[in-house]
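Letters A, B, C, D and E name the chains as they come in the text, with residue numbers starting at 1 for each one.
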Amino acid sequence: DDDMVFVGHLMDITGPTGFIGKFYADGVRDALMYINTHGGINGTILDSESIDYAYKVPQAIANYKKWRSRNEMVAMQGWGTGDTEALISFVARDKVPVYSASYSGHLTDPTAKNPKTAKPAPYNFFYGASYSDACRAMVQWAAEDWKASGGSGKPIFSHIGDNHPYPNAPKEACAEYATELGFEVTSPVVVSMKPGDFKAQCLTIKEAGTNYGYLGNLGPSVVSLVKSCDTVGATPKWLANIWAGDVETLKTIGDVQNYVFPAMTSFWTDEGVPGMALVREISKMSDSSGEEFRTHHYIRGICSAYYMKEAMEWAKENGGITGENIKAGMYARENWVPKGLEGVCMEATWTAEDHRGINTVNIYNGSAKGGEVTVTKAATVTLPRREDWLGY
Amino acid sequence: MLSVNNIEVVYDEVILVLRGVSLEVPQGKIVTLLGPNGAGKSTTLKAISGLLKTEDGKVTRGDINFMGQQIANGNPEDIVRSGLFQVMEGRRIIEDMTCVENLRLGAYTRKDKGVKDDIDMVFEYFPRLRERTGLAGYLSGGEQQMLAIGRSLMARPKMILLDEPSMGLSPLLVKEVFGIIEKINRDQGITMLIVEQNANFALKVADYGYIMESGKVVLDGTSDELLNNEDVKEFYLGGGSEERKSFKNIKSYKRRKRWL
Amino acid sequence: MAGFSMRPCGDFRTTYRQDTRIFDTTFVRYAAVCGVIATGLIPFVLDGYYVNLFIQISYFAIAALGLNILVGFTGQISLGHAAFFGFGAFASAWINNHTGIPVLLSIPLAGLMTAAVGLLFGLPAARIKGLYLAIATLAAQFILEDFFARANWFTGGSSGAAANPVNVFGYEVFDDFSFFYVCLFFLVVMFLLGSNLMRTRDGRAFVAVRDHYLSAEIMGINLTKYRLMSFAISSFYAGVGGAIYGHYLGFVSAEGFTILLSIQFLGMIIIGGLGSVKGTLMGTVFMVMLPEVMESGVSMMSVFDWANSTAVTDGLAYIKEMAIGLAIILFLIFEPDGLAHRWKQIRAYWKLYPFSY
Amino acid sequence: MTSQDPILQISDVSLVFGGVRALSDVSFSVQPGELFSIIGPNGAGKTSMLNCISGRYQPTMGSVSFKGQNVTGLKPNARAELGIGRTFQNLALFGHMNVLDNIMVGRHHLLKNNFLTGSLYWFSCAQKEELEHRRFCEDVIDFLEISHIRKATAGTLSYGLRKRVELARAVALRPDLILLDEPMAGMNLEEKEDMARFIIDLNEEWGMTVVMIEHDMGVVMDISSRVMVLDFGRKIAEGLPEEVMANAHVRKAYLGEEDDVTDEDEQVA
Amino acid sequence: MNFELLFQLLLNGLIVGTLYGVVAMCFVLIYKSTQIVNFAQGEFLLIGAWVCYAFLVEMHMPFWLGFIFTLLFMMAFGVVLQMIVLRPMIGEPIISVIMVTIGLSIFFQAATKWIFGATTATYPQVFETRSVNLLGMQIETAYIMSFVISLFIMAGFYWFFKYSKLGLAMRATAFDQQVAQSLGISVKTVFAMSWAISALVSGVAGIVIGMVNGVSSGLSVIGIKVFPAVILGGLDSIVGAIVGGVIIGLLENSAEFVDGQYLHWGNLFSIAPFYVLIIILCIKPYGLFGTKDIERI
């Protein structure tokens, strides 16, 4: 039947961020498939195509255009900061809401209210706290942790990451807040996104006496960094960004203490979460055994797809599933959790002037010994929606 | 020992260069191949040694038989191993190696112990080379030519194909080189096929000769026959019996002999 | 004694002028003009996807032509072309954003700025040759990439810069449909300029420097000047291509201009044929279409049910990447001299037919 | 001998490579309109001498002056502009260009168009200029009888033809002094005769001064106006062809004829 | 000035630099015998690292056995690769062959990700102690191993190219394939040998890196990272490769010192080698030990 709308899905599974992109993409794909097998958007089937663009921006744009012109795409599920930021003006012009996995704070200011915003991003959404907010939350936790562990003097904070849009996204915002909270902020330490031997940088970190190091990179780069630092004896408390914070990474590092990371959903292994049943059902779409372990990136992918789904449902009732209506659907509710995912996705609110869907961050403390990983909840931080933090 | 039967060679899949060339080189003899520029002499040699392949060329018809084996379009290295060695036109030494290293390379296919002695032998033929210890690329043109010939001797092949061995050599050395060629042929019994422009010398040392033009053999005969052929005399040997013409006086456009 | 009569019988040139034409027979000339006109019709017949592909092809082809002038014609391998491409993109955005010069003008200006930068990085070429030079240009690649991520005033740092859409006489070229014609214009102009350059004095000097720089010098060619000049011209083309790219995307970010792209540019010209203007275009088409063709091959699989499980689609994603690598390898094994060479052979064959050989 | 100012004056040129003395204190001069030959055994330093004149090598000592101007420190391309053209012993054509373009490169320093005007071909004077010079190149091609290979790729030509194209390229420079390094190597008698004719024509009709290295004594004797002999980097004789050939030292060192060398002969050097 | 830090950084540079040197040597090897710059070098390392990982983890072999098996595998890999892909390219323009290696790199990058997954894997503990204290600096044991191995390899190659017949043949092939063939040298064999040896050495380097940093597809970037080292030492010099590697190692680390302590630019560490590279090349166009091209006419 022709009651179908098209949703494009850009993913990176073979490219430089593929190892993590795969988890997230699987979440999105499984969710879309699940939605379709369970009635679609109140009867409207989601025609979707998942394309691996390997984090190549031109490829992403070409696919976007293809979908626009051939498939009359109404919404898109995206991935990286590079392509999402490149597409901002296109999607705004074409009125195609994009749900990406780029949590760059720059995407949260739809009307360029903040004078610092270079380009308004009215059609960009993401589920989760922005990189900046997640970092702010961890810094806020760190300030308390410093007091609790009886530290004297000013704690020292360093941003560690490549000079690249993704690690840089929270760089200034977070450092500013850290200073505000009484940290001494060192000059950022630049570490390549590609893995390598980082003992030199670790010696610098050691020399600076960093107490809290924000890890802006991800995957192999973070693994090598933490290992190198361990070798030279630089062991600050690590504050990892969300993509670098998961059980897999900890396991690969093998031996590490005080590896703090944020999360925006509950974990696969959490007990007594009502929404987890649905997550497990969705997971069966690609793993019929239901045994496979899923990271929280996978679960965030599901949330992303479900917020889109519900916005589409609203749109269908209010004039049809078009990009514009889906966008309006995103603003239709407050403190909102998709049906069936209670306890999995956190309550989120988007408004026409503020696309910071979430301002609450769960913080976990992980450690590993000989590959055995333990993760404990450290805190839940709810940040104020400060005007000057919008889009930044 | 070597017989080439009616071969056709095409370069680059479209350019036909040899149009049915046949020649015969008997065991232990010296045969020479003469002809104007662009006639296809070098191409004939490359077809025999298999090096054609490296220039996008191909034998498209006919066959080449070396000591009972078909070698048309064969692998150059296999052909060398079977005892047929080509000295390429234009010297082609390994410039970033020393003379001695170049000579040792000449003996690459040999397994016996006599390499050292043979290097000395080459140095005896060309004493100039002994003093040149730097890289071969810095040798003068003639010195490089000596090295190239010397290198071919190192392989102790059954047959050598020489492409213009006298080119760029001083008259004194030309004489010597032909002397050496004769000597090698006599002493070691190595068969030779020589492409030469210096027809006088070539026919003197050779037993038999072919003349090529535009990719075809147009004349052949024993050296004596050729030496006494009027056309050969006029166009290759420089007058022969009559008084030698002076280069200075060839001002007019002359008649050109074409056999085709 | 062949290789000199590769044109149809009966078409004798009577003036040198006819002999120096870019398109060597009247037929080819008209064919080329028709080709351009036909291309101009693409947006009317084909959908936006193809229009986008054409736009990609045109900005890449312009830059690739620049690289071919440097590598193919002058013989200096560059591994840093993507950086110059990127510089052009940033420069044009910067000129337009900071001075208000209209985009259509800022594109060639960006080309000039890039040429200046190319000249700077070309300076070592006066002394360095071959692969050593290639690696020196690799250094240029990394140094410029670092510059992009750092020079906030110019590039907006790692977060990138916004680039305004092209504005033709007050009409904003937003959509691909009109942008297509902007690209077509630049493509045709740049390729004509390039072809002209190659058949005149300085173009010949480039090739002479490549083929035998020692004798070129003795023939009166100033080596340093021409080596530098080819860097500058090549960067100019890269800059123009990059500028178009930037204004097309509407956004320029430092990530896009990595060594991978540089290598892709090299791939375009090698596959097309080094030292061939026509080949550059063919090579670019090949490199742009390759992933797309592979992609549609992969999508075609999805009509089969078994191909719809994630396990298979993921496998296909890798297979697609592998196929791209494999296609390049196979292509070069069977066509090591590039498409332009094969093109020539085919033409020679038909012209000599039935008298081939 | 110095009835006129020499077009080329070599004074005490020495050239040393590491341990090798390629040239030691060689001096000579060439008058305008002469056809001057340099002969000598292999490795005597003949090519090195040409390289010093054309600027490829810088003499370790001594000076080279051309038309009265000291050109010792000048780069090769500057010397080409002054009017020195040459051919090479080891072929140095632009292998991937066609013959015509090779020859057009010879016109390089006479052409004015540059990358800008060249790119704008139709809208600048470039087209007119190219075509004019093209006409000259065609004359050279006709003169050297290579019109049948005009469009062939230089790298695929046979050795002899390449030599001829090289000559054409050097002639296209329209030099006042042309240096020829073994122009007749690899040619048969008939072709040598042609070549000799070209060289004489260049010398007499095109008014070029020629300095030639050649091993074929017949040619050297017949066509040169003066001959210099080098051996081990030293000048051992200079004079009219007959004089030089009569020199026993030369006969021995170069031709390998075993006449006794008398003191008298040494003095010619 | 903080001398202790500087000293530690320099020591670190020295050790890491040797590893660069080993990888650089793989380049040099192929270049010296075929004139090809192998852009798939990084993927060779990656394959070596993964294969050894598979032997150790999937097949539970003891380290030394896995190590030897990996080397054998790599040799076979080099030969097979040469036979299938590079042999048809013999006699073709070098630049096309270089492009083929780029194709190989794309191919293997995807293939390894597909076969071994895209995530990072860690080697089991191989040495009793993961790192040893050397002059006040912790150094991974694996590096010490690679340091020793590389010294042996280097000496071996030096002899090989200078004196052995095959070494000579390789140099001749690199200079001019046509001439080499005319001398009876089998270009195929030479190619096979050099790719096999290079793959083998890459295997060693890959294992070492894998032991230190873990294995992941990103490991292959070292292939590009060592370019400055290769060029600095001179493309065709075995000794130069090691010296170049060490210099780059030292340079990176002193850049980190200057940057971290004084400049605070950010990534002088990774960019400084390139600046220095350009400067050195302007002074010495053939690197420190590279042979000059012969420019005779």
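Convention: contacts are C-beta pairs under 8 Å (C-beta built on N, C-alpha and C of every residue); 3 or more make two chains touch, one makes a residue touch a chain.
As the structure is a prediction and not an experimental result, all values here were calculated from the model.
Under the document's definition of touching, what chains do chain B and chain C have as common neighbours?
Common contact partners of chain B and chain C, which must touch each of the two, are D, E.
To get from chain D to chain E along touching chains, fewest steps?
The distance in steps between these two chains is 1.
Using the mean of all protein Cα atoms as the middle point, what chain has its own Cα mean nearest that point?
If one averages C-alpha positions chain by chain, the most central is C.
Please report how many Å separate the Cα centroid of chain A from that of chain B, as a whole number.
75
When the C-alpha atoms of chain C and chain E are each averaged to a single point, how far apart are the two points in Å?
Roughly 31 Å separates the two chain centres.
Please compute the C-alpha centroid of chain A, do the same for chain C, then give the distance between them in whole Å.
That gives a centre separation of 37 Å.
Residues of chain C that contact two or more other chains, please.
If we look for residues of chain C contacting two or more partner chains, we find 1-3, 146, 150, 214-215, 218, 318, 320-321.
Please list all residues of chain E that touch 2 or more other chains.
Chain E, residues with two or more chain partners: 110, 113, 266-267, 270, 296-297.
Do you know which chain B residues sit against two or more other chains?
In chain B, the residues touching two or more other chains are 12, 15, 38, 138.
Which two-chain combinations qualify as touching?
Between chains, contact exists in these pairs: A-C, A-E, B-C, B-D, B-E, C-D, C-E, D-E.
Show which residues of chain C lie in contact with chain E when the two form their complex.
By the definition above, chain C touches chain E via 71, 77, 123-124, 127-132, 134-136, 138-140, 142-143, 146, 150, 214-215, 218, 259, 263, 266-267, 270-271, 274, 315, 318-322, 324-329, 332-333, 336-338.
Show me the residue ranges of chain E that touch chain D in the complex, using the header's touch definition.
The contact residues of chain E facing chain D are 296-297.
Any idea which chain B residues touch chain E in the complex?
Going by the criterion above, the answer is residues 49-51, 53-55, 75-77, 80-81, 85-86, 88, 92-97, 101, 104-106, 108-109, 135, 137-138, 151, 155.
Note which residues of chain B are touching chain D in the complex, please.
11-12, 15, 34-40, 42, 89-91, 128, 132, 134, 138-143, 145-146, 164, 167-176, 197, 199, 235-238, 244, 246-248, 250-251, 254, 256-257
Taking the touch rule as given, give the residues of chain E at its contact with chain C in the complex, in rising order.
Of all residues in chain E, those touching chain C are 31, 37, 39, 85, 88-89, 92-93, 95-97, 99-100, 102-111, 113-114, 224, 227-228, 230-231, 235, 265-267, 270-271, 274-275, 277-278, 281-282, 285-287, 290, 293, 295, 297.
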